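Just below is one structure, and these are the notes that go with it.
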Amino acid sequence: MTDTRFSSPEASIAYMKEVAVQRSGFSNWLGVEPVKVWEGESELFLAMRPDLTQHHGFAHGAIVGLMADNACAWAAASAVGDVVTGSYSINFLAPAIGAALRSKGTVIKAGKRQVVVRADVWSEDADGKAKLVACAQGTIIPTGKVELPR
Amino acid sequence: MTDTRFSSPEASIAYMKEVAVQRSGFSNWLGVEPVKVWEGESELFLAMRPDLTQHHGFAHGAIVGLMADNACAWAAASAVGDVVTGSYSINFLAPAIGAALRSKGTVIKAGKRQVVVRADVWSEDADGKAKLVACAQGTIIPTGKVELPR
Amino acid sequence: MTDTRFSSPEASIAYMKEVAVQRSGFSNWLGVEPVKVWEGESELFLAMRPDLTQHHGFAHGAIVGLMADNACAWAAASAVGDVVTGSYSINFLAPAIGAALRSKGTVIKAGKRQVVVRADVWSEDADGKAKLVACAQGTIIPTGKVELPR
Amino acid sequence: MTDTRFSSPEASIAYMKEVAVQRSGFSNWLGVEPVKVWEGESELFLAMRPDLTQHHGFAHGAIVGLMADNACAWAAASAVGDVVTGSYSINFLAPAIGAALRSKGTVIKAGKRQVVVRADVWSEDADGKAKLVACAQGTIIPTGKVELPR
């Protein structure tokens, strides 16, 4: 059976929606949208809403962290197949104020034992004006199995 | 006016419940419980449920990350007052399978400009048997204001 | 008295050579060369030699780490003045084999309390062919004093 | 042939001295001493001298970083055999002033694909009074070969 998961940009999006989002109770509740998961690069979008905030009304750090972690994991998955997150480091740069969050991940090096990825997270206002709110560096581990990225 | 927020172990728990949890849309939805926030140490508890899972039914990495980040921030807050998370590094050690998550944070050094904290996250089964699932090291920044930890 | 340390690209190199390298016993012994320290960007060069190696003859991890750390600190210094390293995370990507190491740092965000910087380290062979060997993300802290970056 | 490298606390020290220190040009020049490399724990000692300093006369950050990195790698090696450092995160807590540096590493989890280790670094004055100067968390990768830790 051919592995068609990442056979085209469109197939990869459909695959991520079906598996990484819909089968995950938390990602499904969040409604995080894969915009790009292709050839070592990823882009994710998440509309903000009140139940994703911390006490000042900004996006909660865990949500910003998820956007960075998933950007790393999904970029890696597009390069090497199924993965889990081994570790990541994240710096918070500014309060995540706005109507949405967007993150992008780029594979720096894809090895057999680990995939190193950098990711950035932006908050966007209603006009799509973006502000960088976090940057991260992650170590993603290929599982070698036909299963899903975390 | 005396700052009574962290005047006793009980007062600190009440304060964290009122401010860090109830006023945060996300923490409130999660239902994360402060067990200890006192003299540079923190303990948090979170009951697992289906909408906190990734696609295998384990606790989602973002939820594990939140437990680590909050353990760092709340331990720091108990030592220096109001804080925001500057950065953290987290290693995932095992799938977070079980009925609950528990995390503990310990301040390593509390300075004026940064508070360095270590945190661990465990998954617990229904009998309370614990397994270490993540460890983290965070840099927490005192705000110097009478406001809340992130 | 005007602060002329970073008044031009040339002045900044001269300043870094005099202060950050010559006054540091270790940097002086190493012979690390500032190539660029200007407007939030840095470039450093270090010729390899046998006493910088680990047991396989590659550049020692501490030397690779120094190239990343200094690239972060010097890029930050060019943006905000005197700094110390608060923390950094580094991923090692490949053995640092070759005739020299080169690193570059780029400020992601320069704030009053912290400057977040990314850095990459390459090994170069005798023909100048480069291979990425490490990537890092650092948090650099402005001292607010007229003293030197670490 | 039996692997006798880590067969006793004494054998492990002798092995580390012979291989990790003497065969490494840089470690040999440094004179870093393995004090303990046994059952997932490590301790290293390094006498300070002028050519290990930064411009204020403190131990250079790269030397502090080496003490943390090696503490992680050697602790991991004592648990799983030959390793390389995959990544680490380090926080600098105080200037490393004094007559010596000492570091200790403790394996948090030893897996087949990665070993997660925490390490602390202290500076010591001439009377052996210690001050914590850095803390780190590292991901060490078993090579599966009979070769040396980096």
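The letters A, B, C and D name the chains in turn, as written, and every chain counts its residues from 1.
One rule holds in what follows: contacts are C-beta pairs under 8 Å (C-beta built on N, C-alpha and C of every residue); 3 or more make two chains touch, one makes a residue touch a chain.
Remember, it's a predicted structure, so these values are computed and weren't measured experimentally.
Novice: Average the CA atoms of each chain to get its centre, and name the chain whose centre is farthest from that of subunit A.
Specialist: In terms of C-alpha centroids, the chain at the greatest distance from subunit A is D.
Novice: Tell me which has more C-beta contacts between its two chains, A-C or A-B.
Specialist: It is A-B, judged by the count of C-beta pairs in contact.
Novice: Can you give the whole-Å distance between the Cα centres of subunit B and subunit C?
Specialist: 34
Novice: Can you compute the centre-to-centre distance for subunit A and subunit C, using the mean CA position of each chain? Integer Å is fine.
Specialist: Using C-alpha averages as centres, the distance is 30 Å.
Novice: Measuring from the mean C-alpha position of subunit A to the mean C-alpha position of subunit B, what distance in angstrom results?
Specialist: The separation of the two C-alpha centroids amounts to 23 Å.
Novice: Quick one: which residues in subunit B touch 2 or more of the other chains?
Specialist: Residues 86-87, 89, 91, 116, 139 of subunit B touch two or more partner chains.
Novice: What does subunit C use to touch subunit A in their complex?
Specialist: Residues of subunit C touching subunit A: 89, 91, 93-94, 108-109, 111, 116, 118, 132, 135-137, 139.
Novice: Provide the residue numbers of subunit A that touch subunit D in the complex, in ascending order.
Specialist: Residues in contact with subunit D: 86-87, 89, 113-114, 116, 139, 141.
Novice: Could you list, by residue number, the parts of subunit B that touch subunit A in their complex?
Specialist: Residues 19-20, 23-29, 49-56, 60-63, 65-66, 69-70, 84-92, 147-148, 150.
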